[in-house]
Amino acid sequence: MSGPLLDVRALSKHFGGVQAATDVHLSVDAGSITSVIGPNGAGKSTLMAMLSGHSIPDSGNVFYEGRDVTKWPAHRRASAGVVRKFQRPAYFPGLSVVENLEIGVVAAGIRGGRAMRARAREVADIVQLDDARYVTAGSLPHGRTQWLEIGLLLACRARVMLLDEPTAGMTRQETADTATLIHQLVHDLEMAVVVVEHDIDFVRSLDSQVTVLHLGQVIATGSMSDVEQDAQTRLVYLGE
Amino acid sequence: MTSLDPAGPSRRSFLKTAALAGVVAAAPLPLLSACGASGGGSGSGPIRIGVLTPLSGPWTIFGKAHLAGFQLATDQINAKGGTLGRKWELVVADSKTDSTVVTQQANRLAKQENVDFFAGTFTSAERNAAAPVVTAADKLLLYPTFYEGQNQDFYPGVCNPNIFMFGSEPSGQVYPFLEYMLNKHGKRFFLAGSDYVWPRETNRLVKAKLAELGGEVVGEAYAPIGTAQFGGLIEKIRNADTDVLFLSVVGSDSVAMRQQLLSSGLKDSLTVWSVGNEESSTSGIGPAASAGDYASFDYFWALDNPKNVEFKRAMTKKFPGTIMNNVGVDMYNAAHMAALAIEKAGSVETAKMRAGLEDLVFEDAPQGKVTMRAEDHQAALPSFLAKVREGWTGVDDMFEIVQSVDQVVPSDSTCAKLPLRRP
Amino acid sequence: MSFKVEVSHETASRKVVRARRPRRGNTEDLLATVLFAVLFAVPSVGDSYQVFILPQYMLFGVLAMSLCLVWGLGGILSFGQGAFFLIGAYALGILSTRVSGSLGVWLGIAVGIALSAAVAGALAYFLFRARVRGSYFVLVTLAISTIGGVIATSASDLTGGFNGMFISRVQLTVSGWGVDLASDSTSYYFVLALTIGVYVMLRWLSRSAFGRVLVGIRENEERAEALGYDVALRKTLAFSLSAAIAAMAGAIYGTEAGFVSPSLADVVFSTSIVLWVAIGGRDFFLGGLVGALAISLVSEKLNSAIPEYWQLLLGVLFLAVVIGFRRGIVGSAILAIDRVGDRR
Amino acid sequence: MDSFSQVILDGATGTLILALVALGLAVIFGLGGVLNLGHGAMLTLGAYVTWACQMHGVPFIACVPIAAVVVGVIGLLFELAVVRHFYDRPFETLLITYAFYLIATQVIQIVWGRAVHNIPNPLPGNVTIAGASTRVYTIVVCGVCIALLSLTWLVMYRTSVGTRLRAMLQNREMASLLGIDASRTYSAIFATGAALAGLAGALISPLFSASPDMGSLWLVRSFFVVIAGGLGALVGGTLLGSAVISGGTDVFSLFTSQVFAQTVVFALAILILRVRPEGLLRKVPAR
């Protein structure tokens, strides 16, 4: 395919007097990981919301597979393949893991009990919830709910995964496993992943393209090591 | 794990089925067996009467008097040994002020309780709802309330050979006093009522009579049952420059209406004539909002005659604190007249009892003489116009009778099904 | 089956019990079969009043199941089901008297269903699109029942207003073949078949993809939307379908009872539907059905005997169920039976 | 233009009386997030307590605060026993308060019977304002309503209690960091709302009498006040909502039937809800 999978051009958004995003550009290719970092209030969540369709920018455009999806509502973007994982794990707590995944599978257009179950089982294996298929999701430990939600994104055939702080509340080991999982998804399934994170170590372990936001503006892009050399980034983010 | 125990699922589900069958089947059984056994029928045993009365809902305030009247008469009849040597037994059903429930309960009384005849229902709407059931079961219904007359063929509760009306219709309740009110308080009438058949039909008849007498209808309005705010209506009354406000708003709505009329300051500049507010709703309205207003019915607690004194004594003794009204008294009359009819006919069979009630005269009614007309089952009753006393403190000093008529012959019904007398 | 070690201790014990694939629904269907069998047997053992009244209560049960669909499955609490029931009843009443023959009857049923579905759909889409939900939508459904009652009362030319409307027992026939509801026993079995049909249809629906997604929306609306589901559209469909079922039940109820009045739309009736479903168990269609049947039956017995105390008792029972048995009496029973079954 | 000033006066008094009735509901809904279906029963309870109190020879002016306190205490006990465990589940609180309505209405009937009780007007006489007349007592009730609304406004926006309450509305977890005992605050809110309902029931009883089902007539209208007025702040919203519902019905009913007017106004309230839902949704977490 020619051109980036997700192409963000000159997005701006303000809330009242606060400029939450100013002229943000971002380009995401299939099979790549993009990390967005920045201090609190940098506009990371706003950017995520504009990518997922939960928020409509004041100006600028979002292109997905060459189509302008700027004004598409969240559900339409999701069914086209741009799916978001929320900061707090969002899943269906009263249902079992497999029932959760089946809802995702149905979203991918798979119908019929057998096919649906098979696919849900497959996804459960990928996110290592195969042992807990019939456990009520609400009773899963926190770290595993994060994976369940990633499983949901997988189940509905996401092509672009928007991961909002995917390792929040995870143990060190779980965080490392998550990085491995993301790599695996990108590698095996040619997915594009956009990660918003606080945890610099995790971002470092993703070894991805990094975009640094500050006060709604992109102040640096490049690999993690490039960005860490950037003076402005060091100033605003790393506090030096 | 399931697969480890091949015998498990089937056996388990069998046990489950058996257990559940027991539980589910057991539940409805007491309900089934509780009924059916009790059946009156004709012949021996007590005479069973189904009484449909509003014990809950907005018309609860009338329900007490409604039921008490019939119960008092039943006690008196039973004290004398019942009729044809059979005691009376009441099966009371709550109409919940809901015509749908009336249909349901009337069916229950007919099909399950096997009552010999029915008494009650409060509004015309309730009577109309009960009518198809009593017709299907071929039982009589004794209806006690003031009502709209028998001109609307399309309602099943009108000109129904199985229904007897013991209350007054507009020609009895209103006509005798129209001229008096016209001359004394002015020609400009505003007709306001609750939105259902009785007020609408009453007002239609009143309009016709007013035109005859040279009065003028300056406005007509209906408020749905359950209205709490009458601001718009009161404004219309004010703008119409009304002399007499002819009110057929009923129940708790009328309480709100009269209170708001007082607070609007309009009450002093017109005369209120209510045909729906008897003793119990006037108690709710209170002295301030009712003082000086008129009401007309076939009975008032205030009536000073020996039979009413005796009735009041008996009523106060049996149901102390109950506010009695014309509907309750007409229930009382209905019971006594039914007893007379049964004795006369020698049977509680519907056809015979019907013949017994037709042309029956009851001299001992608390309000005077009651005659049941055969051709349309309407009662000829006395009629009274009363004025609410200033600063009344209770039902005893609430109304003051200003006009009275000993017996009004109901105006002719225009129903095509007449006459009701069967060959 | 193997369990991974990383499972934390406090949830481990629960897991063992629940980790097996549940045979979801078996117990409910089994119980329902028993109930339907009992109902099937009633005309041969009961009296004529039971044959007359039970179809009406079964239709209340259908109405309750329509609420289970939106509330239990979709998480949309509605105090407006009574209004749709009423639309069905009035439509049949009006059209069957004004259009002669079986055409009028079918037209009445069809118009009632279509009108309810359309009103519910339009209103729901209008509001769900704007993300009106939760308590606010409950308020709107309260408004639906209030406005429904007001219209039924005031449009007296059409509905008979407060006086109500009389509907005779109709014949449901297609080119001479069909059922004549005039006979109590015929209409009993007809309504029973209808009730079973609705139950089966709703059970199928709850297992279908649509049903699963609806549950997903109930559990987490944001997540469902972010998975690509048009949440507003699906909730609207559910609400509209539920209104259609309520209207169908209402139409048959109208002809069964022979009389309808605006009281069916008022807040009291609509809230008693919520009561039936809450006490029976909102998560199970059988809960709604049994709740409606049982409470109607017992109410009828106790209402005349101890009207105030019975209402009080019902209130206390309702409070107890909401506090203690979120899944209702039937729902809790089903789950308890499942648990016993699973433990073996 | 006597008629015109009369319409204005009736509209104003109607609005204020409805605002008085709805204030308790708005407090519990707006601050506590609970849609109190028991509000109607609390009104009724207030009216009956007033009546019973007067029957024992207590003057009306003393009966009103007694009614408010009694209903407030009942509300508090109910909150402590039941409601407090369900704040995170809006549907459940709705059902629980509906159960309260069922139970309270029946208890009222068992204790005081079903008759309509008349409470004499404590201030007989009419007053004429700009050619329009109304009862002196109505004006006093309106005065009390204005005073209560002003007091609510002062508490909410001019005291530290109000600041904390508003902070808690924004973020419950944050509030506990500010040293707010959320649990006690919610109890206080519920009790206050109940007391306001009792007070309203007591005050309107001379205008409308006391009957067991009086509450349900007001409940639906109060809900619409909250629907229509929920957009603004507690005080402004309640007033605005009351003006739309009460004033709207009055104005429309001048041109058309009362019924149609009511329907139009209710539809209007739904429209308002649709146009400004995000303002409303902020306070109530979606289920």
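When the chains are written out, they are named A, B, C and D in that same order, and each has its own residue count from 1.
Everything that follows uses one rule, which is that contacts are C-beta pairs under 8 Å (C-beta built on N, C-alpha and C of every residue); 3 or more make two chains touch, one makes a residue touch a chain.
What you see is a predicted model; the values in this text were computed from it and never measured.
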Chain labels contacting chain A and also chain D
C
I'd like the most central chain, judged by C-alpha centroids against the all-protein C-alpha centroid.
C
Gap in Å, rounded to a whole number, between the CA centres of chain D and chain B:
35
When centres are defined as mean Cα positions, the distance from chain C to chain D in whole Å is 32
Once you find the CA centre of chain A and the CA centre of chain C, what distance in Å lies between them?
41
When you check chain D against every other chain, which residues touch at least two of them?
257, 259
Can you pull out the residues of chain C that are in contact with at least two other chains?
1, 20-21, 150, 153-154, 308, 311
Pull out every residue in chain A that's touching 2 or more other chains.
none
Provide the full list of chain pairs in touch.
A-C, B-C, B-D, C-D
Which stretch or stretches of chain D touch chain C in the complex?
29, 35, 82, 85, 90-92, 94-96, 98-103, 105-107, 109-110, 216, 220, 223-224, 226-227, 230, 257, 259-260, 262-263, 266-267, 269-270, 273-275, 277-278, 280-281, 284-287
Under the touch definition given earlier, write down the residues of chain B that touch chain D in their complex.
56-58, 60-61, 63-64, 195, 221-224, 226-236, 238-239, 252, 255-256, 259-260, 262-265, 280-281, 283-288, 323
Partner chain C, residues of chain B touching it in the complex
1-2, 8-9, 12-13, 16-17, 19-21, 24-25, 27-28, 31-32, 34-36, 55-56, 92-94, 96, 98-101, 103-105, 107-108, 110-112, 124-125, 128-129, 132, 155-156, 194-197, 224-226
Residue numbers of chain C touching chain D in their complex, please.
75, 77, 123, 126-127, 130-136, 138-140, 142-143, 146-147, 150-151, 153-154, 221, 267-268, 271, 274, 278, 308-309, 311-312, 314-316, 318-319, 322-323, 326
Contact set on chain C toward chain B in their complex:
1, 20-21, 23, 26-27, 30-31, 34-35, 37-38, 42, 45-50, 52-53, 56, 150, 153-154, 156, 161-164, 166, 257-261, 263-264, 266, 294, 297-298, 300-301, 303-304, 307-308, 311, 337, 341, 344
